[in-house]
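Working notes, beginning with the structure itself.
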Amino acid sequence: MSLPKIIIEDIVRRALLEDLGHGHDSTSDALIPANQNGRLVMKARELGCLAGIDIAETAFRLFDSNLVVSKHMEDGASLKEGQEILSVEGAAQSILSAERTALNFMIHLSGIATETNKYVQAINGTKANIVCTRKTLPGLRAVQKYAVRMGGGSNHRFGLDDGVLIKDNHIALAGGVGPAIEKARAHTGHMVKIEIEVDTLEQLEDVLEHKTDIILLDNMDPGQLQEAVRLINGRALSEASGGVNLETVRSIAETGVDIISVGALTHSARALDIGLDIDV
Amino acid sequence: MSLPKIIIEDIVRRALLEDLGHGHDSTSDALIPANQNGRLVMKARELGCLAGIDIAETAFRLFDSNLVVSKHMEDGASLKEGQEILSVEGAAQSILSAERTALNFMIHLSGIATETNKYVQAINGTKANIVCTRKTLPGLRAVQKYAVRMGGGSNHRFGLDDGVLIKDNHIALAGGVGPAIEKARAHTGHMVKIEIEVDTLEQLEDVLEHKTDIILLDNMDPGQLQEAVRLINGRALSEASGGVNLETVRSIAETGVDIISVGALTHSARALDIGLDIDV
Amino acid sequence: MSLPKIIIEDIVRRALLEDLGHGHDSTSDALIPANQNGRLVMKARELGCLAGIDIAETAFRLFDSNLVVSKHMEDGASLKEGQEILSVEGAAQSILSAERTALNFMIHLSGIATETNKYVQAINGTKANIVCTRKTLPGLRAVQKYAVRMGGGSNHRFGLDDGVLIKDNHIALAGGVGPAIEKARAHTGHMVKIEIEVDTLEQLEDVLEHKTDIILLDNMDPGQLQEAVRLINGRALSEASGGVNLETVRSIAETGVDIISVGALTHSARALDIGLDIDV
Amino acid sequence: MSLPKIIIEDIVRRALLEDLGHGHDSTSDALIPANQNGRLVMKARELGCLAGIDIAETAFRLFDSNLVVSKHMEDGASLKEGQEILSVEGAAQSILSAERTALNFMIHLSGIATETNKYVQAINGTKANIVCTRKTLPGLRAVQKYAVRMGGGSNHRFGLDDGVLIKDNHIALAGGVGPAIEKARAHTGHMVKIEIEVDTLEQLEDVLEHKTDIILLDNMDPGQLQEAVRLINGRALSEASGGVNLETVRSIAETGVDIISVGALTHSARALDIGLDIDV
Amino acid sequence: MSLPKIIIEDIVRRALLEDLGHGHDSTSDALIPANQNGRLVMKARELGCLAGIDIAETAFRLFDSNLVVSKHMEDGASLKEGQEILSVEGAAQSILSAERTALNFMIHLSGIATETNKYVQAINGTKANIVCTRKTLPGLRAVQKYAVRMGGGSNHRFGLDDGVLIKDNHIALAGGVGPAIEKARAHTGHMVKIEIEVDTLEQLEDVLEHKTDIILLDNMDPGQLQEAVRLINGRALSEASGGVNLETVRSIAETGVDIISVGALTHSARALDIGLDIDV
Amino acid sequence: MSLPKIIIEDIVRRALLEDLGHGHDSTSDALIPANQNGRLVMKARELGCLAGIDIAETAFRLFDSNLVVSKHMEDGASLKEGQEILSVEGAAQSILSAERTALNFMIHLSGIATETNKYVQAINGTKANIVCTRKTLPGLRAVQKYAVRMGGGSNHRFGLDDGVLIKDNHIALAGGVGPAIEKARAHTGHMVKIEIEVDTLEQLEDVLEHKTDIILLDNMDPGQLQEAVRLINGRALSEASGGVNLETVRSIAETGVDIISVGALTHSARALDIGLDIDV
């Protein structure tokens, strides 16, 4: 799923205004003649997966609608060191004022896409899907989840309103697994899926006496996961979470779980190294 | 510098609305009786440095002003595994709806503070300061820079309007080092400092013929940095950037530079592991 | 599901500002002494179902935090002619300035709840649920859908992001039923349900060769609906839409469909008659 | 009076964002190729009066500025069943994502215009004007009042700041009719008209001892209205309100009142049936 | 007319955020211990008329709800040099951060009230009212017009939507005085007053053949104004504008005009000198 | 420094919406045929310095993107009586609706630029710079400070976050000059300048024992200023404030101070007289 223009513009506008602070660029404006043109090229400086090119383009366009932006790739593409991603031509002042905002989005989102893609590659051939969680950075959820998709992953819930996810605390407060699932069914619409978390195989057996759409197997080791998948036996989707990293993810995927969720994709993403050159 | 309440509320409100999406919490609302009270405790799960406790408190308070939040520590404090950070008492529904937003801020900002603090410890005894850059995540600059301060670091520019930073592209477009500095002086107010970037010792000598406040020594090795510091000889502050990591930072600091800037503090922060328990 | 305070305040604030226009109440302010107190009582003037009492309370509270609002009922309650709903005590100026906004919400939302409840009563004893659609009034979706719930109905999708609903145009553009369902599965997360619309029993048979969560039976008569329910045979939920009104709804429910959707609940709601008295 | 573009864009932008929720269209985006073009036609499915065509156009344009929208009619025009109103050509994805928002505005506003027009037709040949009130749906006042104009009606006050309207409660709190009118005169500017409500002919006589611009005759039957018009004798405009419906409005108009206000035009509007077809 | 709290908070919040820029007060926060209390007193330093005390109070309260603000006067009161207006007690950091915003509003609005009051005093004993115009400073219209009222003046139109004001250009484009007035009557509601501008006595005679509520006599000398008032003879209100200053205003008022409009009250207001002292 | 388009559009949009109030122009819309074109010319009516032409242009463009605006001058240019500044061609309705907003900005900002320029001319030949302060009108700081630059002046701090300015109250609360400066150094980044206020030559001597960037000499007479400049002897910049007006400014500048700050430039600006003609 792509990001609608109206969503991109909203978040990019805020970012440009944040960088402008009291409303000016002290450096470019003072130093560079208004009629001086230039050309900026963004290039990858390491291997990775691209995400955020339309957002970067929007940063330049919103700052100065006369800038001409050329996209040399599309989001989701593989990046090699030195590869040209995007170029911009027009007023050098505008290019220099907008480039940091464009780049801040692109290095962050490409970092997420690249990390996601490593997980996706690591489980290649299994049936599992890599998904992100609600552990996102405030204000950036829509674009972070987009970046996960560009890296080949899928998205878990987008918010509190998006599906029911019954965790341990909910179960305790609702009076047990049975009442929790029953209340969820009774109070949510027909478009809403219900997922429930279990920590042990005993809890799983309890849950399996009720109908749910997904069962979250939290912090289980591969042996437990395999047994859990066997017990569920297709009656619900199975999701593994907890202790997932690039070393463990393949053994988790090979247990037969349907979904593997990784909070670190969005809460601990390393920026991808992307640089820029400007020609006068 | 602390964050004014009016700034915190603005960013927290957006984050809560983002998580609520179409305006409801499908799970807590369906499962938990409105009159059910609970108590949440946030605890550190690893060593670190705390940042974001007032933001977390605000998330609970804005969601439900009847929640009673107790802060057991202040930002900047050291965290040990198992240590209680904050507790909340009141309606369990509200606590469960707001906890993810509170935690998303706290794990991200404490991650930044913790990483910053590692750099600060690594250069202990030298005169250098660790600073962050404008490579921040869009919409989060004010809080990320606050987290750097909580970790013992300082802040570089907050935005395009905050000081003049003349980079290589500006120099080229302005017609050289001399004209660049001269134009900067002519067009900026008396409260504005001027920093200029140099990549080589030759450029540095060129720059030293003019008066600037700070000289950014980009991508120099410790030997070059030491020579640069000698050449500058107190006529400006010196800032090292490029290739800074926890392995290299001490040797860089020992060259005598005044400032070491680290973009990764804000663009590639790993979240700190902070968990929560809820008592019914 | 209730509406979080932060959601209510956002929409009520806009409504108060809309009514204040350039920022004042020409009448109350000119005529009524600032120290004059009063008491307002809102009363039902016809039978119905209440929705919006917290919103009305918020309108008075946001306008003047010194007003004391007493709620005599909760949303979802039955209203009889003459019954007191809510009373407010405090500065008469403030009460008179805020009452129209409070009442505009309450008569609209109670109108929706009342109409919904008529449909719910009409199908009493069948297994079907009454749901609203995305045919809502712009800016009011969250509160309109809340009112449907207060009337005993359920909610269909909250927005374009909330579940997949494959309509005739999507099928045509995607290249048929099979490719449409397949693409939907491939591009959406595990928390997303998939619903597909069919207009004929032939289309239904085509759809039943694929796995979907819900099948929308559009504009079918009771005979066709009954046959459709038989064909589906529990493999998906069935939803009837089109031509639903208070005369037809029971015969539709008796066909055994799971869900009956009624756009008119939100796009053509008649306001409930609720009045107010003010004592000096 | 038309609606300025800047007003339309503000309200349409909110509506599109409301429908997009967390920022994507799960269905169109997954199913329809990005390069697939299509053509949408909106057609009336019943008799009525059009309102909202520029708003619908704006919904498509704001979502995707490459869509080409053709308006086949102007607001205020009569609609016959089957008549084409508007067509859109361009990316099918964009058309399908924006159509619900466009249509939600158009069916609601055309519903208001159509109902207004029935009242206007019903009093044809009398001198009375049909006006709407402040009983509007929160957030939609400007567009609802526009729709009333498109149906041939006029507008009463737009908000609390727009003219003085002294109701029974104001009179009581101000110390009677005389003090109320006097205070209104003293505290409002020369551009502000003053209207006062009376419930009985006795009150009317009291009011007629003072100068006001309009007198609101509340809940009077035609006999009382006729007598009231006679008593006023052109010294102020007369407005009838209360108990106005399509059956009673002509007899009310024939009493000679200048204005007839109908809250139901905006608080209880039925949507007009407008449909759409999409050609691939 | 007072300003509702919800209006004041909206404009004050923006002003505080404007002053905080990237989100902090570099000085107070660095220098003043968090637990240091203080007391600020605002005092008049010259004669004048107070406006903006509730706005100033709101600035302190929004910045820090623990500050205790005492108002020693009310808006509209006369100020003498040295008189205490308002005092604040609480955290010295908060007081120093908020004082500039509070004071910026108060010196500007009191400046407007004071200047307005000079005009009002100058025409004492005549029947004319002093009014401001739409020549206000962008974003400040509601508060500027409030300040005019506090100085004893009245308000002309609040915006383009607030009454009809037919100027020379409108007349030319509408095809003359007659068509202009006729179109205005036909297209505006019964709550809307119509004013028309004339530059000469000939135009006035033309206008007097039609019914309008107010006639704006633009740039006429006292002799012409007197003749104009005689010609109008109570059939409409008369408004003088152009060339009004403190020297000319009395002679204008003595011509018998009802209203004298002065753009300079809001577009060229001099700030009133109000200072502050802080006790530790 | 120019104002970025994204900053201008933000402030102009608010201003247009403020003037439209409930969303329409009662006059132009009723009187002027939609297809009537016109041409507006803005002309100076007195000598001055232009500021705000891009803002005025934006007001017309945002209101109606089909208007064609021609700028005949650039900001900072000298204006003579009768000189054409800007012309607009297109729909007369749009031109008349937008002109007041365009003009309100232009007369205010040109007033500031003109007044600033008088100060700049008055000190011609000295080394001093004229600067404005934070005594700006709420919501207008960015554009007011821009206007000061167009008049030849410079800008002091843009906000609380922009440099450290230690005033008398800060010194008292921080425990004296020494601790104040020390704390400021310790808590602010390397891009932040530190300025401190002194009222007497004794205080100045105290301050000169510490390193600061700028010393604010408050309310000193020319004799004291001259002595202060001698004492400072280039170790910091010197700023004179208090009692500055067009009569005193030259004698102040001749004392050798570097900066002269004038709050009245922004808090008490008189509008420049700029008029407009419209051709049908």
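As written, the chains take the letters A, B, C, D, E and F, and residue 1 is the first residue of each chain.
Everything below uses one rule, namely that contacts are C-beta pairs under 8 Å (C-beta built on N, C-alpha and C of every residue); 3 or more make two chains touch, one makes a residue touch a chain.
Predicted model, so just to flag it, every value in this text is computed and none were measured.
A.B. asks: Both subunit B and subunit F are touched by which chains?
C.D. replies: A, C, D, E
A.B. asks: Could you check if the interface between copies subunit D and subunit F is built from the same residues on both sides, meaning over half shared, or from different ones?
C.D. replies: On the two sides of the subunit F and subunit D interface, the residue numbers are mostly different, under half being shared.
A.B. asks: Would you kindly say which chain has the C-alpha centre located farthest from the C-alpha centre of subunit E?
C.D. replies: A
A.B. asks: Pick the pair with more C-beta contacts: C-F or A-D?
C.D. replies: Most contacts of the two pairs: A-D.
A.B. asks: What's the distance between the Cα centroids of subunit C and subunit D, rounded to whole Å?
C.D. replies: 22
A.B. asks: What whole-Å value do you get for the distance between subunit C and subunit E if each is reduced to the mean of its CA atoms?
C.D. replies: 44
A.B. asks: Spell out, as numbers or ranges, the residues of subunit C touching 2 or more other chains.
C.D. replies: As it turns out, subunit C has residues touching two or more other chains at 1, 20-26, 29-30, 97, 141, 158-159, 161-163, 187-188, 192.
A.B. asks: Report the topology of the inter-chain touch graph, choosing from line, ring, star, complete and other.
C.D. replies: Shape of the chain contacts: complete, all pairs touching.
A.B. asks: Can you check the complex and tell me which residues of subunit D touch subunit F?
C.D. replies: Where subunit D meets subunit F, its residues are 1-7, 10, 141-142, 145-146, 158-159, 161-162.
A.B. asks: Could you please specify the touching residues of subunit A with respect to subunit F in the complex?
C.D. replies: It comes out as residues 13, 16-17, 20-26, 29-30, 34, 62-65, 97.
A.B. asks: Touching residues of subunit F toward subunit E in the complex: what are they?
C.D. replies: 11-12, 14-15, 18-33, 36, 38, 92, 96-97, 100-101, 103-105, 107-108, 111, 134-141, 158-167, 169-170, 172-174, 180, 183-184, 186-188, 192, 263-264, 267-271, 278, 280
A.B. asks: Name, in rising order, each residue of subunit E that touches subunit D in their complex.
C.D. replies: Contact set of subunit E toward subunit D: 1, 129, 131, 154-158, 161-163, 187-193, 195, 214, 237, 239, 258-259.
A.B. asks: Which bits of subunit B are touching subunit D when the two form their complex?
C.D. replies: Against subunit D, the touching part of subunit B is residues 21-22.
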